[in-house]
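In what follows, chain A forms one complex with chain B and a second complex with chain C.
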Partner chain A sequence: MRKPTLIFLRNPTLLIFLILFILMLYFVYGMIAWNIRASFTDWNTAVPSSNFVGFANYSEVFQDSLFWQSLKNTLLLFLVIPCSLGLGLFLAILLNQKVRGARIFMIIYLMPFAFSLVVTGKVWAWMFAPDNGAVNTILRSIGLDRLAGGWYTDTSTVMLSIIIAMVWQFSGYCMLMLLAGMKSIPQKEIDAAKSKGASTFRIYRGVVLPRLKIPILTSVVVVMIFVLKAAFDLIRPWTGGGPGTSSYTLPIMVVNEAYAKTHVAYGAAVANILVAVVLCIIIPYVYWSYRGR
Partner chain B sequence: MKVPHVLIVVVVLVVAIAALLSFRSSSPPPPPTSGDIENIINDYQAGGSLEVDHWWTIDVEELGFNVAKNGMKNQYPNGKFTPVPVPGGAGGGMPPKILPQLMAGQAPESFQSHPGYEAATYEYYLRSLNDLWAYDNLEQRTTELIKRICKIGDNFFIVPIGVHRANMIWYNKELFDSSGITPPSGPITFDQFWALCDELENKLPSGKYVLDLGDGMGTTWAATHVFETIMAGLNLQTYEDFINGTVTAEQLVPVLENFKKFLNYVPSDHLARNWAEACGWLYTDRVAMYLHGDWVKGYFKNRGWQYGVQYGGFLAPGTSGSFGLVVDGFVVPEKADYIGNGLRWVHSYTTDDVQREFNPVKGSVSPYNDIPLNIYEDNYSRESAQSLQNPSTKFYPTITHGIAVPNDVLFDLHPKISQFVLDLDVEEAAQDIAEIVGRGTYTISWDIAP
Partner chain C sequence: MKMLDRFVAKVTAFVKTFQKKIAWMRPKQIALYLILILFAVGFLLPIWVAFTTSLRPEVEVPKSNPLIPPTSPTSAAYSEALGKLGRPMINSLMFTTAVVACSVFIGSFMGYIFSKVRFKYSNLVFLILVAGIFLPYTTIVYPLFSTISDLNLHSTIQGMIFTHVVYGIPICTLLFRNFYTKIPQSIVDKAKRGGAGDWEIYRKIILPASGTAIVTVVMYQFTSVWNDFLFGLVLGGAETQAMPATVALGNLAIGTEWSILMAGAMIVFLPVLLLYIFLGKYFVRGVAGGASEA
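Let's look at the complex of A and B:
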């Protein structure tokens, strides 16, 4: 057998990947394993404890009405993904036309993606302020007073307000990915479709969209990561999970349980359920996307 | 494409150097033993780092913190002071930041906490400060109750820096004057308070409100603050039972009924404002009164308002002779790198100079009885400081600000109160809150009812 050092000398990139793999194994999968282990213990104060209690924490989680509300809200947030993709696709199609100033519009649409989530929350808190926020002011000025509601101060519209803010922030990224995908399609394929008399709609449907499978997949994964991040970073400073608990999400519940109340094992159980939910969504989608390649 | 060997060597070297640099190049000094406190405090040339985590991030609070910081730097100029602001009033943002660090043994040299149950949460990770309390004679300098709540078992774990009073209603003088109403100058009952609110409601112009809540933008605790103040005003026995974990739903019904009445005078968009923005509404003549702690004085002072001129305050209904105790302080973790700097920090702000400058800026009163009353600019602060030192004052420790109940009760209470503010279901809230309180693990036995 060849000596390992020779393997690395002949394929030096293996060494780099090995270093990265070890780091990821420890900091990502190792920590997930640690969290799974913690969720089966009685560690529910600030003092670490490792007595095994089986599924007691999970049983308590599933009987907690706040968990189900938080789960529902977290799943609602995933609506941000198709909405961002849809708006991103629309913007990408617009920018794919040969218009003057397309580059400037692209920067404007992309800029929100650079904002901190806390800043986004503050901006949209002002925009949605019931008394004199921009949204209600505009609605009232065009005679749509009926729609000028409480937004994030109202339990029936708080999640809608949050979703709108997230779509505003993440659609620019989707626009960028999809536009890059469109620009990589060979022009002759588009010209060939045009020469056969295909309409613009059929060209996008039959030629462009099928070639955007990978940018769409990338956008879905990245936006999902940011949605899960925003489920705490955006919501906690903005609504605090309120009004009441109407915008509580699983990440907020994890932090509240594990750190504020020092119910570490309970919080770990909620976190593991969140990971499982995300995997149940992402794994089938990735498999479906790569099927047949 | 083959990667050149040189690049491989560079990558490996960079990773190795980064790994080495992640360990400190010089070992921090060994943690001081308990017999060293005099040497530690008198080491005015001490260097090393001092990281202090705090939640005083809103403008005037930061001004107060900077006074304490400058006091430290004046006394110990060679240390590298790094303040770490952790937003989230009433300390709500601190646990997720500090607990992982404590568990990992990577604690800062000091962090802000409230005494009582909040500091007790971290007891396992904290250094006992008995030697510092003895060295600075703090037991003789502060009140019995403050001493008691700063102690967990036989050890002092926190050093107080300032005291706030929770049970105050602040009012806009201009709105009262223009309504032809004289603000209360003495004790006020609940019936008198509701009559005042009704009169203001009838006389204030449209778009101006009687009260605000300031429980928005993530500061749901402001609603809990109002709840506890109403409870203390109605019945201190109920309050005592609450913080001892034995309160019943029946006892909570009248509290919630009065809270519901309070909310009738609050604008419907109260969730659009945190406590500072609610102060802003009072400052801009949008709201006539605001029930909140006296840290709001710093907010108004920073905007050029003078107590007794543009605004005033009176004790919340039913709380005459009572003092809702909110104590701010800092703790020193066991496993910080430069524990000596942590000890020097908590010592530095108990000194005369820092106390004299800090409290007027922050809007608090000194927890120490050797600070003269003439440092306070207005009658309110002087009277508050006198009340603090008066043995006949009825103190009740705050629930909202971490002293009186365990954290797992408090952080279940906030969303429940927030839910009550929305649906106003007194019976359901009373049952749920009694259940939350009953689930807690209580290690402090309170005796506050007369």
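Let's look at the complex of A and C:
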């Protein structure tokens, strides 16, 4: 009789697998558990402390106007998702026609996706520079002086500037996913609709779009993950959350509270709220996409 | 008469092929290309503007049109940016290469287990693993920072390598698993009947067949590790320790030294751009493949 625990020692493959899996469990789920535990303590100074204070940190978070500002901006950034999808769908439909050099166009549209978010932040800061940035220069040269403005230096347009930069970066990805989805639709179905005299628009609406549910859903989730990443990586080197706190986001708030100000428990509470927001979107997605398998 | 018939046939054939050749130039097609080109210009504009500005002397920048390249280009901004980015670029290059090498081995190994070895509940275990992809890393920055500090790995290249390798496990496993499910199970079963162990099958059958998957993962991990900002900021420490190029770019100038900033941006983007130009196909595959089942 073999003892079950010894199987792993006899089988080095499983042993290596187990080590890697536990490592990953610790650094993903262990860290989340750490945050949950810390959020119920009074560790809000540089000295670690573990006195249980219940939901005190959470109730303080919900009274913090900076939290509501950050939450509002984070949700505002989710506008990037439909905008990128819309632009991506438009470009994918164009490239799905018989186009010469489609590969070259595809490579150009996808290129921003390879950019570091820090590089994007810096480059778009210069694009939107109030004095002679490229955007204002173009607007003035075509007589739209009215629209030329302070962009990210103005509290009312800073989020708009950031959203434009993100759409530039992420719509190529949506285009790629949707185009791959379109290419996998059997030509027969499209020909059948065509022979019935359907217009291009109706073919896309009636035959193509319903078949794109999975790529659309995938794009939504992936772009959301990237938007949350960019909510720190892109905004922090660009505006730093400013002017004032007008472009503060939850990821910036978490890092500033926990890491910069050592309000560890408070930062952990904000982090848990952010994870909860993400879970609200991810769980239905995982359920939906694995339901059939 | 026969000759005339042949001549007419030839002419009509020629006209027909010519019509086919210029068919794509119909008004609708012209509009299509115009839109495509317009968007291509729009997508490339920021890169173009960054490039022209990086070649301009800093004193000229405030008075010039960023869309027009400078009349007397200079590399002054590049040498100044490189002075501050040189060491961080070497740091980034060092840990990124190491991470990519580790990630390829770990990812292919884990992908093999989940696609070919399998065990009870392996699908559930796989889901638990892959869910790690969705975690926004900003949320776990503090516990990560304190763990890495406890391990004495803070502001070291080893710490950067360790962190990136661990958080790369889910996505690399996913990419390799998706690739390995296409290798027929019958080959593996046959080797098993011949008495080969799991490790042997991995080394002799699976690994030699993973060429494209390896290039895809190399491309994916290189871009995501090179482009990372958060881990570098929190764990990298100072320039002489393990600060990556992206963090150094973030600190490069306080605001308005645009030519130096743009030169820095071009320098940091260059390695990824080179990979993108030469291995773009695999970048597409990684980006699309990672999502196809996530």
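Heads up, the rule we're going with is that the second predicted complex is superposed on the first by the 255 of 293 C-alpha atoms of A that agree within 3 Å, B and C clash if a C-alpha of one lies under 4 Å from a C-alpha of the other, contacts with A are read in each partner's own complex, and residues count from 1 in each chain.
The working rule: a contact is a pair of C-beta atoms (placed from the backbone, for glycine too) under 8 Å apart; a residue touches a chain by one contact, two chains touch by 3 or more.
Predicted, not measured: the structure shown is a model, and the values here were computed from it.
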| item | value |
| --- | --- |
| Fit or clash between chain C and chain B when superposed on chain A | clash |
| Touched partner set for A:D131, first chain B, second chain C, both or neither | both |
| Which superposed partner A:I19 touches (first chain B, second chain C, both, neither) | first |
| Contacts of A:T245 with chain B and chain C, given as first, second, both or neither | first |
| Touched partner set for A:N256, first chain B, second chain C, both or neither | first |
| Which superposed partner A:T153 touches (first chain B, second chain C, both, neither) | first |
| Which of chain B and chain C A:W288 touches, first, second, both or neither | neither |
| Chain B versus chain C as contact partner of A:V47, first or second or both or neither | first |
| Touched partner set for A:F62, first chain B, second chain C, both or neither | neither |
| Of chain B and chain C, the chain that contacts the larger number of chain A residues | C |
| First, second, both or neither for A:M177, with chain B first and chain C second | second |
| Offending stretch of chain B which, after superposing on A, collides with chain C (from 41-49, 77-85, 257-265 or 437-445) | 77-85 |
| Doubly contacted residues of chain A, that is, touched by chain B and again by chain C | 12-13, 16, 125, 129, 131, 236-237, 255, 258-259 |
| Chain A residues within the chain B interface of the complex | 8-9, 12-13, 15-16, 19, 46-48, 66, 125, 129-131, 150, 152-153, 155, 236-245, 248, 255-256, 258-263 |
| For the chain B and chain A complex, residues of the former touching the latter | 2-3, 5, 7-8, 11-12, 15, 87, 92, 95-96, 99-100, 102-103, 121-125, 215-220, 267-272, 407-408, 411-412, 415, 418-419, 421-423 |
| Partner chain A, residues of chain C touching it in the complex | 24, 32-33, 35-36, 39-40, 43-47, 49-50, 53, 62-67, 106, 109-110, 113, 117, 125, 127-129, 131-145, 147, 166-167, 169-170, 197-199, 202, 223, 226-230, 234, 246-247, 249-250, 256, 258, 261-262, 264-265, 268-269, 272-273, 276, 280, 283-284, 287-288, 291-292, 294 |
| Of all residues in chain A, those that touch chain C in their complex | 11-14, 16-17, 20-21, 23-25, 27-28, 30-32, 34-35, 38, 91, 94-95, 97-100, 105-119, 122-127, 129, 131-134, 137-138, 168, 172-173, 176-177, 180, 218-219, 221-222, 225, 228-229, 231-233, 236-237, 251-252, 254-255, 258-259, 264, 267-268, 271-272, 274-275, 278, 282, 286, 290 |
